[in-house]
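You will see subunit A twice below: alongside subunit B first, and alongside subunit C after that.
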Partner chain A sequence: MSVGAVGVEAVDVEAVDVGAVDVVAGVLLVIGALLTLAAGVGLVRFPDALSRMHAAAKPQVLGLICVLLAVALESGSWLTLLFIAPIVVLQLITTPMAAHMIGRAGYRTKNYRRSLIVSDELQDDIDRAQS
Partner chain B sequence: MTIVGVLHAIAAVLLGAAAVLILFRILRGPSILDRMVASDVLVSSVVLVLGVEMVVNHHVRTLPIVLALSGTAVLGSIAVARYVSKHDRVEVVDTEGVPGVEEMEERAEGKVE
Partner chain C sequence: MSGSDAGRARRGVSVRRHGGEHDPDSRQLLKELGQQSPLLITLVLLWMVLWRSFTPIDLLAGIGVALLVTRVFELPPVQLSGRFNPWWLLVYLFWLAVEVVEGSFSVAARAFDFRRVPRSAVVEVRLITRSDFALTLIAITVSLIPGSLVLEVDRSNSTLFLHVLGTENQRDIERARERVRVVEHRLLRAIGSRDELKESSR
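Let's turn to the complex of A and B:
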């Protein structure tokens, strides 16, 4: 009897644990989806390309980390965590590359609203270099 | 429906709405840079959708696709940004109705000496 009772209790504890992990993973998914929605709203409402880049980076870094953590939690395996580490590192390396290239192209082709810029330190440097 | 199912449904709906907004920006432009920024975000939202699907269906089979996408999504926007030229400049006129732009302009003017 006592063995059976212990077994039932163990199963119950495990069920509660799995449920909590599921809820945490679901909350992480919702956070990632919220960040993506925020990026979408920012892309639609911000006035120029350089401002839109600001909104774009949130789901690419924090949203991806949240969702991949949810995947690792859900799978419950260290191997999954080992697999998502290079994904996050790759994304952290490549996202600033794209942002740098797009920002440079946007500045050089003047695809931004001059009137929205508070201070333009690059223009100061360009002026000093050309004088 | 359990609370976990509700959370999954909320995440799916939010990602769908975000994809619609991002598609609007890709279609609307106005410049090629806006489209590239938006398509970068669309790729990352696809990655997030893959992650949500993995959690919902309890598997990790699409993780290699996530790895490949996060490694190569950047190449397209770098290639395009390299060849943007001054001819692609868009006279920004479609932000007249955007709320807050006038305030931002006034603030920018106030700080310029």
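Let's turn to the complex of A and C:
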């Protein structure tokens, strides 16, 4: 008997017991993956650096939270939940900071499409300060 | 003119030195530790969670590391308003969770909407609060809730400049401004001073 055949026999689909927790964790994993995909699509599709930071900041964070929750559910231990809590909190605090720094740099280096900006009150403010 | 200025400066220095004599260094240190205790406790807890063990040795090591880290990377003290309402903070955190989910899905929907390229606007929002702490939390919240991202902060005027995704006209811009005011009001209910809260509810 070859090694490959042993591997196939070991995975017996009917013997795998799928509980409610597994279903919820699976759904969370799929949602997390879709949100991360959305972040990627947004990065490619959005017109300028400023708009792209929206995609990098928001769906990405929730996608990560979904995946981490799925991991915590599957492991079934409170310690894991305790362990992912600081990850989630730090993500929620640092992602807006990163988006702010890149957005600010993008704005200052004029890395955005003027034609897609409906109104720019920061430019108005700068004009007022210079006049 | 310059002579009298110098005299005042000298007097100022001597007054400060007098204050120092009445306030011994040890008491100053205790006060500083008291001010930093929320940060220190959080760091110790984080240390123990990261090691996944809660023995007294970990506690001691955690305290040591927390003190070392706060000394090496010294931060300016955070000025709190003195008012704190745990109930409204809970309400705020719950509302924030709902908004984060909504914000993520709205950007995701825009990313998958292949029919159009989203337009945006840079919006100025004047805030009521003068507190750096509240300003920071508002800026973080605003970046997580639907549509907006902080571009620039004018700290001296408590003004945020936001990049708002998906604005087509002036009405969308006003709606974005209003949403930030709601964020500020909700946050001030939890941690703002009484005067600022009263001003924001008007």
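To be clear about the criterion, the second predicted complex is superposed on the first by the 111 of 131 C-alpha atoms of A that agree within 3 Å, B and C clash if a C-alpha of one lies under 4 Å from a C-alpha of the other, contacts with A are read in each partner's own complex, and residues count from 1 in each chain.
Note that contacts are C-beta pairs under 8 Å (C-beta built on N, C-alpha and C of every residue); 3 or more make two chains touch, one makes a residue touch a chain.
Not measured: the values here are computed from a predicted model.
Enquirer: Look at the residues of subunit A and decide whether subunit B or subunit C touches more of them.
Expert: Partner touching more subunit A residues in the overlay: B.
Enquirer: Looking at the overlay, what does A:L62 touch: subunit B (first), subunit C (second), both, or neither?
Expert: second
Enquirer: With both complexes superposed on chain A, which partner does A:A33 reach: first (subunit B), second (subunit C), both or neither?
Expert: first
Enquirer: Touch test for A:V118: subunit B only (first), subunit C only (second), both, or neither?
Expert: both
Enquirer: Does subunit B (first) or subunit C (second) touch A:Y107, or do both, or does neither?
Expert: second
Enquirer: I'd like to know which partner A:R45 touches here: subunit B for first, subunit C for second, both or neither.
Expert: After superposition on chain A, A:R45 lies in contact with both partners, subunit B and subunit C.
Enquirer: Taking the superposition on A as described, I'd like to know which of subunit B and subunit C A:I87 touches: first, second, both or neither.
Expert: It touches subunit B, and subunit C stays clear.
Enquirer: Where on subunit A do the contacts from subunit B and from subunit C line up?
Expert: Dual-contact residues (subunit A): 34, 39, 41, 45-47, 53, 59, 63, 83, 86, 95, 97, 104, 116-119.
Enquirer: Of all residues in subunit B, which touch subunit A in the complex?
Expert: Residues 3-4, 7-8, 10-12, 14-15, 17-22, 24-25, 31, 33-34, 36-38, 40-41, 44-45, 47-48, 51-52, 54-55, 58, 60, 63, 66-67, 70-71, 73-74, 77-78, 81-82, 84-86, 88-90, 92, 95, 98-99, 101, 104-105, 107-109, 111-112 of subunit B touch subunit A in their complex.
Enquirer: Any idea which subunit A residues touch subunit B in the complex?
Expert: So the residues of subunit A touching subunit B come out as 19, 22-23, 25-27, 29-30, 32-34, 36-37, 39-41, 43-49, 52-53, 56, 59-60, 63-64, 67-68, 70-71, 74-75, 77, 80, 83-84, 86-87, 90-91, 94-95, 97-98, 101-102, 104-106, 108-113, 115-119.
Enquirer: Taking the touch rule as given, give the residues of subunit C at its contact with subunit A in the complex, in rising order.
Expert: Spelled out, the residues of subunit C in touch with subunit A are 46, 49-50, 52, 100-101, 103-105, 107-108, 110-112, 114, 117-124, 139-140, 142-144, 147, 149-152, 161, 163, 165, 167-170, 172-173.
Enquirer: Could you pull out which subunit A residues touch subunit C in their complex?
Expert: 34-35, 38-39, 41-42, 45-47, 50-51, 53-55, 57-59, 61-63, 79, 82-83, 85-86, 92-93, 95-97, 99-100, 103-104, 107, 116-125
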